[in-house]
Amino acid sequence: MTTPLDLLLFTAAATVAGAFALGRWRDIAWLTGAFYIAQLIQLTGLDLPSASHAGFTLFGQLVGWQMDGFGRFFAIITVGAAAAATAYMGGEWGERYRQAGHSLVWLHGALAINVLAMLLLLAGNDLIALFIGWELTSWASFLLMAQGGERALRAALRYVPYAMGAAMAVLGGIVLTHAFTGTLQFTELAQRVPQLENWQLALMVTLFGVGFSIKMGLLPFHLWQAPAYAEAAGAGTSFLGAISARMGLFALALLLVKFVSLTRLADLEFVSGLFDARDLIAWVAAFTIVLPTFTALKQNDARYLLAWHGIGQGGYMLLGIVIGDATGSAGGLLHVFNYATYQAALVLSVFAVLHRTGTADLNSLGGLVTRMPLTFLVMLMGIIGLAGLPPMNGFVSKWLVYRSLMIEGRPLLFLMTVIGTLGTILSVYKLIHNTFLGQLRLEHEGIREAPWSMTIPMLVLVGIGFVTGVAPGLPLQWVNDAQAALGLPVLPHTLGGVESSQGGLDMLWVVGVLFAGFGIGALLFYGVGNRSKRIHQLDNYAGGHFLSADVRYHYSDHFYAGLMHRIGPLYRGSFTRLEEAVASANDTLAALMQAWYRQRVPMLTLLVAATAGLGWMVLQ
Amino acid sequence: MIALTVALPLLAAFLLPLLPALARQFLGPLVLLAVAAFGLCLAGNALDAPSVVAIGDFRPPLGIVFYADGVAGLFVFAIAVVTLLLWPCATPNGQPDPQITRKHSLTLLMAAASCALALSGDLFNIYVFYELAAVAGYGLAAGSRTPAAQVATFRFTLLGSLGSLLALIGITLIYFRAGSLNLAHLAELAPSTLHDPLGLAGFLLILLGFGVKSELFLVNSWAPEVYATAESRVSALLAGLISKLALLAVVRLLVLVFPVPEASQLLLVLGMLGILTGELAAYRARDFRRLLAWSSIGQLGAAFVAFAIPGPAGLMAGIAVALHHLMVKPALFLLAERWGGNLAQLAGAARNSPIAAALFVLFALSLIGVPPLPGFWAKYLLLSGLAGEPAGLWWLAGLVVLTTTVVEAVYLFRIIGTLYGHQQGSVMQSRTATTGSGIFALLLVGTALSAPLLAAPLQKMATQLADTDGYVAQVISATITAPQRSGTAP
Amino acid sequence: MLTRYGSLLFATGFAFLLFSLFIALPMGEPPTLAGQAILNEAANSVGAANIVTSVVLAYRGIDTLGELSILFAAATAVGLVLGGQARAPRPSKEDGAGGFILQTGVDLLFPLLLVVGFYIILHGHLTPGGGFQGGVVLAAALVLPVLARPEESPSPAALAWVEGLAGAAFIATGLAALAYDHAFLTPLLGAGQLGDLFSAGTLPLLYLAVGLKVGAELAKLLLRLAEEGPAA
Amino acid sequence: MTALDLVILALVALLITGALAAMLLRNLLGAAVATALVSLGVSVFFVILRAPDVALTEAAVGAGLSGLLLALAARRLGLWRIEVQQSEEERQC
Amino acid sequence: MSEFGLVALLVGALGLIAIGIAGLVLARNLFRLVLALAVAEAGANLLLVLAGFRQGASAPIIEGGSTLHQVAMVDPIPQAMVLTAIVIGVGVQALALALAVRAREAYGSLDMDQLRARMEADIIAAAGTAPTTSQEAPSGARPLPPPLPSPARIAAEEPSS
């Protein structure tokens, strides 16, 4: 007898099998895409919680799977991101990828494995099942990262120590949890973990926390993420960027909210009560918003810029969840969904530009708006979402987080998020300006719009972003299920937004007003006196002087030169140096150990050991 | 049947040089198949109750007993199967080897000695068969007949002999103190006689002596030299099989005679250092075979740490770690036989030999403990055993295992990166030597799939191994198959 | 220098620690639990006047089997290490070889040594001596003529047959016990009259096998090393 | 202290001297002879310790056979040559 | 034999072991190493027989067909063990000598240090890799081998952090 969850997992496994078995078939994307859509339909119709019959008992541990609202929320995003990526891969982009000598089979296969692994992770009902999913996800995303050339492989290899460190920290946490509580089942853990002593709890939270935050890219462990995600093959990057790192958030939220509980977390005090663990995590999240965002500002490669933003946006989500009231947690969770839509769209649009022009270097693009208007539209909508402005959905989730921070009385954290948003706006403007605005380069004169196979997934994604921005009530249903599953207070909502005693938000009104304003402006512009005139892009003057075609009016080098002059010295690369130091310390140690194994007279060691051991025994 | 597992390979080894060429080909494998069958029977029977045989029908404290519990049966089976898979065959360039009969003899002797190590219940008997395994190992290690191998083997021989000497002194101490050699008898006597500095000194000397073969830290510096120079199959036998059996002998002594915290802590500390030094040294290795040697040192350190945990949980973890390593390391050495020692030349090898590369990935994943594979369960049992002990050294050991796993993942994935990388290495010998390795992979995957079924018997075996009282009762009351012979002496 | 004195220090320290351990033991009054039990019943149950022989061949027979195997392994390994190279047989007149007196002496010694060797082996269960000691004498008997006349070495094939069959005979004797429902290596044929040449059941036969095997192995080892390698 | 004790004491002194000689003599063949002598001395101890079997074995194997092995190996290693050659290649210790 | 004689024997046995082990550690000549092993083994055998000795007992051989053992006998088990140990020792010794012979034939030396250096060189040559470490140079001054990028290398190349 199969349950709906069994069926879902079976479909995911069938996708993997299909991707590898039929991977050479030209139109494989249609098949896997259809499978993803089927999974999506199953997911939306899933009864909560839905258990699986798959499972086994090993060494006294029951390992089983059961999906609740929290897991389903992430699962929907996962499968959706995979579907979009597959559609993107199916057409001209995939053809080019194949011609470059890469294996499309493995790309489809890796994507399908990722989805299966993540579903297993999200549906885990005990820590072993969670760890199985966790490890599978780690190595599946390694597989996805490593494809697409030498640089991708090297970036992926850099990910290995982080991934393994994360896995081992989690495994250490699991065995300690078992030693402390005697169980690994989620339901029993939720009862027993809060009763542990403080030091035990602190140890557990540290181990699990370090493990999960590595995957999520929280602050001291974020270095691997940007290169690994940015260098991957295009569709892979969009999937990885949209959801992969959020698995860390999922597990972290499960641990902090469901098992340890936020109130218990606040009992763990540091520095004689000045700081508690909850504050600490909130501040880590806040710094994760600010620092990577400003690192993104410095990037000159569009892919890296977006990848760094991905790290920063994770901070908002964690911050919202750690605040833990109905508004904040809803904001944090909703942000996962919202971010996935516009981030995937943005990455795909960057790769569309890359596909047509052959570069993602922000210093060698410009003026593409006339050549690729649809892509421009996607990127415009995307950055509006990323910056958190209406009418896109990013506004709603960020608004909820801000609001919760203010209600809960955390002005300093609020300040941090505002600084982060400022950095976001600055850097996304750099992105769209350097790519689409300004003057078209001569070599890009013949560029055409991206093919439909690429534009349609992008448009669908921003379309979802817009619709859920106008009507956030749609995803908020899923968010409410997730909140309920975690044991958090549920945020009451309407189709257009939220209502609360301290003042609600109705996006239908906001968007209505916005578009009314646009309408009035357009009426004024076109109706009162339209004196605009169309000229060619190169038809420029500066100070009365005619600029010839080889003099660029559009500049992109040293963007924000003044700002960078101010804040430039703050970019010290301390984390990079820390990473280098660890690597070289390891290398030195390894050399020492090798020297140990090249002893001249091993017998001497044996003699010394025997003598020392005997001495120890005799003296005892 | 118990004695046959030892007697048959010995008989075959003695007779091998006398047989016609055709029979030589088949005798060894046939005998090993028979031993494998015996091993399965023994393990199966032992799940009901362990069986004991008093060699020569002398009542136990006087004569020597062979004690076949589940672990012993399992190891006998593993010995036969692994030896069969690593059976010496033609030289690397495909020429028939004129020395092949001698190698076959030595391999059979080694298998017999290993079986005896698993079964024997007598301290000095263990020493004798340890020496037999050692001498056969020296011979095989020198069997690649390169000058470097001769020098490495000479150093190995000297170190091993010094170790045996220390072990012999340790046995002397124990015998002098307790007056018996039978492990069951010693287990009875130990609380009153051996749990003092003197007995522990004896244990320490035996540990160091047997530690040479089981790659215990401090006495394992032979391993990188020998594994880099010997034939890969021989390295696989030494690293995969002999080390485990020497370890098993130490464990029997630890469990039966020295269940005291000092002894376990000794094992724990040395094992921990073995993990650290082995894995870190492997991190910088540029030579595939030495890398495997160091990684094997690390893995055996983990096994030592696991066996140091008192009680059935630790033994369970130890058995799991040891069996896992028994499956993975020989397979990796077989790949080394195919690929040679140069890591840099492996660049892009996945294109020429996709199956071998895929096998490498599988073994690497299992080695670092990625969940559905058996390596994960071994690591999980080890860690949860350590976490179950009080904080302090035990948790430190857990931390060491966790951190070195990261190092291990880095160097293994570096090789995977090279294999699947975009540069092209110079030479790839493409021969059909992946079969053996493939069989190991099938075993590994089979274990992964049947893990829930295998867990219960394994747990039972660990309980048996930990059951000192049961051991003593079984051995002391061992039924002599016939009444004492009617001596006609006046 | 430091290594040197350090090593000496550690070796002395090791010996001193061992001394302090052993001196705490009852020297001259060991507990001999198993040993005393064997002394009490060996004569009756095994029937060999030499109780060491009872221990070596009966109580701890499998140790002896292991020991024979070690010797076999060592001989095989030496063959593996030294064998298979081009041999350069030396002319007989050089170094220690040759000389009339030596040759004649060896000729006289050879049968004597054989007889002595077999005597020691066959009386192993009665008097001190036995398979090992006799085997060494046999090996000497086989090797000494070679030192005198290097060109006349005994055939390696014959030695191989002797060692193989002798080893097999030991095991076969042990296995024969299985046919009578005894455990492996149980002495058969009854204990006999203590002190007789034909007593102690199969023990003399086992010792004969041991003696032949040891003799053949050691002779092989010696002959291998006596060969002149190409670059010696 | 009995007469036997004196014999033992003398023999122990002899053994230690022999062992030191085996380690320190420049001439390796001489060292091999010293080793065989040590074995012989030990076998005398075995007689004293009421172990005639062991004494016989030690004398036959340890002193005789092993001495023969060492001598043959020394010949093959070229250690029967004259001092000059040895001192050059044998910078032991 | 008095207590003193036994102690003297013990000292003798341990002395042989100590000298043998010191020789094993310090000697560089292969032949000498084999001799040292033989000396140490002789000491260990003596120790073992000593462990079975009983004051005033006779050898474990029943004289004249009499099983009336009023006479105490020494422990036969250690004697049997020593018999085994002696033969094992000779086997190992022969093997070590054979290896020394071959090493000398191949490398023309009996000096362990030289042989070890030659062996290392051979291993490295067989693996086709450059020597990664030398014990002489301090680890800090040693150039790191470049073939594969370590994590830190990639960090240096990426735009910033």
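Chains: A, B, C, D and E, in written order; residue numbering restarts at 1 for each.
Following the convention adopted for this analysis, a residue touches a chain if its C-beta (ideal position, glycine included) is under 8 Å from a C-beta of that chain, and two chains touch if they have at least 3 such contacts.
The shown structure was predicted, so the numbers you read here are calculated from the model rather than taken from an experiment.
Removing subunit B from consideration leaves the other chains connected by touching as one piece. The fewest steps needed to get from subunit C to subunit D, moving only between touching chains, is 1. The minimal number of chain-to-chain contact steps leading from subunit C to subunit E is 1. Most remote chain with respect to subunit C, judged by CA-atom centres, is A. Using mean Cα coordinates as chain centres, the one most removed from subunit D is A. When the interfaces D-E and A-E are ranked by C-beta pairs in contact, the top one is D-E. Here B is the chain whose Cα centre lies closest to the centre of all protein Cα atoms. Per-chain CA centroids place subunit A at a distance of 77 Å from subunit D.
Subunit B and subunit C have centres, each the mean of its CA atoms, that are 30 Å apart. Mean C-alpha position of subunit B lies 37 Å from that of subunit D.
Mean C-alpha positions place subunit A and subunit B at a centre distance of 46 Å. The set of subunit C residues touching two or more other chains comprises 3-4, 7, 10-11, 14, 17-18, 21-22, 30, 32, 34-35, 38, 43-44, 50, 52, 59-60, 63, 66-67, 70, 73-74, 77, 81, 128, 132, 193-194, 218, 221, 225, 229, 232.
Those residues of subunit B in touch with two or more other chains are numbered 124, 128, 131, 135, 138-139, 142, 150, 155, 158, 162, 169, 176, 181, 197-198, 201, 284, 414, 417, 489-490. Residues of subunit A in contact with at least two other chains: 154, 157, 161, 587, 591-592, 594, 598, 601, 603-604, 607, 610, 614, 618.
Chain pairs recorded as touching, per the definition above, are A-B, A-C, A-E, B-C, B-E, C-D, C-E, D-E. Within the complex formed with subunit E, the residues of subunit C that make contact are 3-4, 7-8, 10-12, 14-15, 18-19, 22-23, 27-30, 32, 34-36, 38-40, 42-44, 49-52, 54-56, 59-60, 63-64, 66-67, 70-71, 73-75, 77-78, 81-82, 127-128, 132, 193-195, 214, 218, 221, 224-225, 229-232. Per the touch definition, subunit A reaches subunit B in the complex via residues 56-59, 128, 131-132, 135-136, 139, 146, 149-150, 153-154, 156-157, 160-161, 163-165, 168-169, 171-172, 174-176, 178-179, 586-587, 589-594, 596-599, 602-603, 605-606, 609-610, 613-614, 617-618, 620.
For subunit A in complex with subunit C, the touching residues are 601, 604, 607-608, 610-611, 614-615, 618.
Those residues of subunit D lying in contact with subunit C across their complex are 51-57, 60-61, 64-65, 68-69, 72-73, 75-78, 80, 93. The touching residues of subunit E, counted against subunit D in their complex, run 1-2, 4-5, 8-9, 11-12, 15-16, 19-20, 22-23, 26-29, 31-32, 34-36, 38-39, 42-43, 45-46, 49-50, 52-53, 57-61, 73-74, 79, 82-83, 86-87, 89-90, 93-94, 97-98, 100-101, 104, 109-111.
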